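The following pair of complexes shares a single chain, chain A, combined with chain B in the former and chain C in the latter.
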Partner chain A sequence: MRIFLLRLTAKMLPALPTLCAIAGALLMFVVFLALQGKPALEACQLIYVGAFGSGFAWENTLQRAAPLMLTALCVAIPARTGLIIIGGEGAVALGGLACAVIPMMLPAAFPATPALLLMATAALVAGGAWIALAGWLRQYRGVNETISSLLLAYIALALFNHMVEGPLRHPESLNKPSTPPLPEEYLIGSLPGLDVHWGLFWGVLACIAMYVLVRHGVFGFSMSVVGGNVRAARLVGLPVNRIVLMACLLGGGAAGLAGMMEVAAIHGSANSALLAGYGYSGILVAFAARHNPLAIIACALVIGGIESSGSLLQRRLDLPGATTLVLQGLLFINLLAWESLTGWLGVWRLRLLETTRNPNRAVHA
Partner chain B sequence: MTALSLETFGAGKSFGDFRALEDVSIQVAAGTVHALLGENGAGKSTLVKGLIGYSPLDQGRILLDGIEHAISSPRDAHALGIGMVYQHFTVAPGLTVAENLLLARGHLPWGISWVKERATLDAFMNTMPFRLALGSTVSGLSAGEKQKLELLKQLYLEHRFLILDEPTSVLTPQESEEVLGLVRDLAHRSELTVLMITHKFKEVMSFADEVTVLRKGKLVGHTKVEHTNPDELAKWMMGETRIAAAPKTRSPVKDKAPIGLEILRLCVASDRGTTAVNELSLKVRRGEIVGVAGISGNGQKELIEALLGQRRFLSGKISVNGVPYRATRNEMLQQKVFSLPEEPLHNACIAGMSVAENMALRNFDSPEMRRPGWRINRTAIRIRAQKLIAAFNVSPAFPDRPIGTLSGGNVQRAVLARELAEFATVLIAANPVFGLDFSAVSDIQARILAAREQGTAVLLVSEDLDELLELADTVLVMTNGRIVYAVDARSADRTTIGRYMGGHASSPRASLGGMVQHDDA
Partner chain C sequence: MSNFNRRKFLITTGAIALTSTLSFELAHAAGKKLIVGFLYVGPRDDFGYNQAHAHAASIIKKMPGIKMFDEEKVPETVAVQKSMEAMIRQDGASLIFPTSFGYFSPHVIKVAKKYPKVRFAHCGGLWTKGKHPMNVGSFFGYIEECQYLNGVVAGYMSKSKKLGFVAAKAIPQVLLNINAFTLGAQSVDPSITTRLIFTGDWSMPVKEAEAANSLIDQGVDVLTCHVDGPKVVVETAEKRGVMTCGYHVSQAKLAPKGYLTGAEWNWVTPYTTIVKAAQEGKPMINFLRGGLKDGFVKMSPYGASVSANAKAKADEIKNKMLAGKYPIFKGPLKDNKGKVIIPAGVIQEQTDIKLESMNYLVAGVMGQV
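Presenting the complex of A and B:
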């Protein structure tokens, strides 16, 4: 029994920095509110109620968590190969745009299923290519991928706005420039029995698939080797550049898919409402999950929940809408600060495992 | 400023059980240039690090102008007027010469009165035998000018005893002559005393007044330069040819053995963009160990990285078993090319991954290590690791332990297990036992010899001449990115090798002309 507990602790240790960060962020958030004379504890409670307190709250949370899972993969997968990509927002925009363009090119009364497949493929390719461009710049031109992906995201957003407000603008969209609305039958519906669209299903599926790939796939192992020590990867002849580009394609493709889901399930056309910052919140989710695809599912729920509780805080406590953003910011700072625990984790884990191996020997032996 | 004389008595220093410096007494007279000569690991750096206070000596006394002083930190050394110019530049490239000089002073007020400082610096420059424009930015200076700035910094700090650590390793021959000439003139004007670490006999012969030679942490000789010659220095540095230890029974290299590794006119650039490997050619037969000797920094690192696929090469050709080789995974697998790089944790392992995973880096994608399809078989990886750990005595014998937590010798054993798990046709090894303890060294060397007996072509690059002479069949000397000398290891003369390593061979090309390696014709 004791050994089982020790093993379990060893398995859960990687979650420690994230748990510490959440506690730290909540503490700072409470202080932040208390300094303004607001009822801090009540606010925390409302955040919980607004996120997970009712069926309606849950649906709202899941709705927001779905794209976050996909955009978090855009950070987490390249991170396996040692890249820090923060330009997922650009891939979301281009994925959404690509998805909105496809129906315009299809003949009328084209059947829905192949059309949706085409839209998804276009979104995957558009998002993947954009992030792969950042990977290419790094591998072949020595440009820092964090900066280039961020700058490429600005270009993507500009491109998106240009197309939506210019060449692709639907003449009837007067106040809110949009592409022509998707035909009714191309829209993605809700999951059976829930008021949450199918994007959630695909988001969870993508996270599980990526987890299996990373943990059990030969390619996942190659990615870890490249991310762990690129000199060793070259020594054993791994095609480092190809693996990095592939990881960027996968990550960018996931973010592109997020854009497609938002367009085809919620907005019905590509417009500026798509650019709600899912790409940036995804960075937070991926860091909270410490780039573990399974943990991304849980972290996306937490962040999605915090975001969806904003309106409740606004209504009940008269707090500004940006309050939840403050909490997210505090969470991110705490995550980065607690990340320094990682160095110790390996040592602790080793001790725990060694104790399970020789329960009678002293731990420090 | 007047030059300072320095003496040590019985200087010693240990790192753990290892005696890096033992009972070394040197006398450096005021106003002279004193060369400190020795192989890598001879204790030169340990001695000067003790003098500069960076890593204080644990035995012996230091006398300056005849008075004993304790030096326990660089601050002490600075206060006593001892300064050091390091092998690599320690200037701030974005700042001007004037700013760099001021920066060297360390303690600066919060506001700098540039008018006043400029006047002081101008006055200082006027007293110097060589000058640099105070306003010019350092990044625009040539390597020789940067080295002059390093010297100016020391003079500006009024250091009167200067330690130079291989001061010309980054300079062209012309720049070297100029800088060393300036240093000598300063010394002979009794403004400075200079202790200069070098590998190059030519610099000793033309610029030093006296020379001290260290070997394996001990003093082997001290003399005036006019009383000696490069041959004697090489003999001191390398040791007398040892009484040939009963040669281990080893089968001779077969004349008709196929060529395992062939390098033809290979050119490789260094990180700085200079040509590090310059049209280098060599051949290694199957069942032969070819050793490459040389002072580090002569292109060995770049050569090895190019062979291992860690660095692109500019031109030339590498063939393995007669087939062109560009270090791709497929070629490595098909031709069975394996390698033992130096610093295995840095070059060949992922510290955070387990021993088992690290042992699988070569074959995790092979059919035995994967389940049908695209999935990896961690059970197979673990079982194989357990076998290898037992066969190669890796300790502790836990396949799940992160490899970064193992000792250096065991990391290298684990890498060796991975690289020699199956028969290799070519093995590329670079300083494979550097920094390892005695048992790991003999273990790993025995494995390399065993691979040779089985018919592996081994290229062994090493800074340790003893290791090369013991293991290799043929020894090549690499200087300035070229092979300048080739000799049969059994008939090798250490003195001659040392002379070529020091770049003091009169005409390297001509001497190589007579010696064509393994020409069947």
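Presenting the complex of A and C:
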């Protein structure tokens, strides 16, 4: 039993910086509120109630977490190959736009299932290609991918706004410029028995699929090699450029899919309300999850929960709308600070495994 | 640090546990108060659109028989759907004011269908019978009347005869204001032109400052705007010694020297009408519009620098508007490409719903849709 616990601890060690960061952020948040003379503990209690305290709160949280899972993958997958991509917002915009454009090109009364497949493919390709562009610039032109992906996102947003307010604008969308509404039968509904749309299902599925790929696939392993040491990867003959581009394509595709889900399940057409910062929140989720696709699911729930609790904090305690942003900011700072533990983790893990091995030997002897 | 004692903690947690499960019943048992929820898309103190709503909401809060909840910075995504639902389910709200235009479709429509007993009074939308649910209504004000008066005062005060307009997006509500402002100025001097810059979105502080500076560099000496928060434009103009006309709420505090007057919302009027209807159990008011004479909009008090004849002329036109005898859009009217928009002899009354789909800029506006 003790050995099992030690092994489990060793396995869970990578979660330590994130757990410390969450605890640290909460502590700083409490101090911050107390200094302002606000009821800090009550606020923490309300965050829990607003995020996970009832069936309605859970639906709220799950709904907000769904797009974050997909946009977090846009950061986490390229990060496996050593790239820091922060331009997921651009992929969300273009994915949403691509999804809204497809129905305009289809003949009337085109069946829904193939239409949705086409819309999803278009969103995947649009988002993927945009992030792959940042990867290409890095591999072939030596441009820093963090900067280029952010700048490319600004271009994507400008392109999105131009298309939605110009050539693709529906003449009836007077004061809220939008693309023509999607036909009723192409809209994505709710999961059975839940007031949460299907984006949650695809988000979780994408995270699991990426986990399998990253942890148990040959391609996933080669991504880690590229991310760990590019020269070693080249030395063993891995096609580094192709692997990096593929990782960007997968990540960007996930963010594009998030855009599609928002358009087809919530807005019903592409308009600037889609640009709500999901791409940027995804960065926070991916870093909190330390780029582990399975941990992304949990971290997206935490961030989604914080966001959905903001409503209750405002109405019960008269706290300003920025309160949840402060908490998210503290969380991000803490994540970066506690990241310094990473260097020690390997040593602790070895020590833990050492203690599990010694008693084993004693038994066998 | 008195908040940290255990007894208080237990009381609050217990209270929260109770309110989270029983709030709906409790709310209804608590003396039959009308519970009203307000949602704003931006911060309550933006010196602009959201402040105008939040200020009026704070007056509604003080009305007898009212319990008010509000939320700021609610984006036009699933977030607003969930916030409205939370107000209904956790606070027992039976009247909701979603105040941003972008909330209407699909968010308000969707939640309204789910809660047919709750009333939704949306600001800015165009409620249509047969298309939208009966528990939804839309209200708005003819703010272009005030923009016209802004233009009259600007026309008198401008020496360079060049006015500047910083606008968010080329949508009908914005075009209506730009055109009314320009026509007001041209009623003083037909040679006056308005230089126009679109920033592309409702809240773009950096671009708004750049646009204001660029317009001032072009020789503009009176500046106004249609963005969510006019703070940046007004402050930039004041710093550079240029006059301004305000929008949404009074920005006089931000520009004690250069503030001439401003077009302000007076949302208390439509709010009160809708709240009273709910309190008295009358049917939901589905379509509500009003201008100066209805008290939906008002002018900021004149700044110290406004000349006597500017005041006299503006007041004269204002009195005609108050009597309902001053339509702004009348023929002959050409757009800035030379095309005739309204032929001579034709008058478009203020209440004409066609004005809410405006897609042109009048002659004298330098810019394009």
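Everything below uses one rule, namely that the second predicted complex is superposed on the first by the 359 of 365 C-alpha atoms of A that agree within 3 Å, B and C clash if a C-alpha of one lies under 4 Å from a C-alpha of the other, contacts with A are read in each partner's own complex, and residues count from 1 in each chain.
We adopt the following convention: a contact is a pair of C-beta atoms (placed from the backbone, for glycine too) under 8 Å apart; a residue touches a chain by one contact, two chains touch by 3 or more.
Please read these numbers as outputs of a predicted model, since none were measured by experiment.
Student: Based on the shared chain A superposition, would you classify chain B and chain C as clashing or fitting together?
Tutor: Pair status: fit.
Student: Between chain B (first) and chain C (second), which does A:L350 come into contact with in this model arrangement: first, second, both, or neither?
Tutor: Touch status of A:L350: first partner only.
Student: Using the touch definition from the top, say if A:P114 reaches chain B (first), chain C (second), both or neither.
Tutor: A:P114 contacts neither chain B nor chain C.
Student: Given the superposition on chain A, which partner contacts more residues in chain A: chain B or chain C?
Tutor: Partner touching more chain A residues in the overlay: C.
Student: Counting only touches as set out at the top, which of chain B and chain C does A:V218 meet: first, second, both, neither?
Tutor: first
Student: Looking at A:L46, would you say it contacts chain B, chain C, both, or neither? Reply first, second, both or neither.
Tutor: second
Student: With chain A at the apex, figure out the C-alpha centre angle toward chain B and chain C and round it to a multiple of 10 degrees.
Tutor: 130
Student: What does the superposition give for the shortest Cα distance from chain B to chain C, in Å?
Tutor: After superposing on chain A, chain B and chain C come no closer than 32 Å at C-alpha.
Student: Please identify the positions on chain A that touch both chain B and chain C, taking each partner from its own complex.
Tutor: Overlap of chain B and chain C footprints on chain A: empty.
Student: Which residues, counting only chain A, touch chain B once they are in their complex?
Tutor: 216-222, 224-225, 228-229, 231-232, 234-239, 346, 350, 353, 357
Student: Under the stated contact criterion, what part of chain A meets chain C in this complex?
Tutor: On the chain A side, the touching residues are 34, 39-42, 45-46, 49, 53-54, 56, 60, 63-64, 161, 165, 174-177, 262, 266-268, 271-274, 276-277, 307-308, 311-312, 314-316, 320-322.
Student: For the complex, give me every residue of chain C touching chain A.
Tutor: 1, 3-4, 9, 12-13, 16-17, 19-21, 43, 69-79, 82-83, 85-87, 89-91, 101-102, 104-106, 124, 126, 169-173, 200-201, 356-357
Student: Hey, which residues of chain B end up touching chain A in the complex?
Tutor: Touch residues, chain B against chain A: 308-310, 327-333, 339, 341, 346-353, 357, 361-362, 364-365, 370, 374-376, 378, 398, 400-402, 405.
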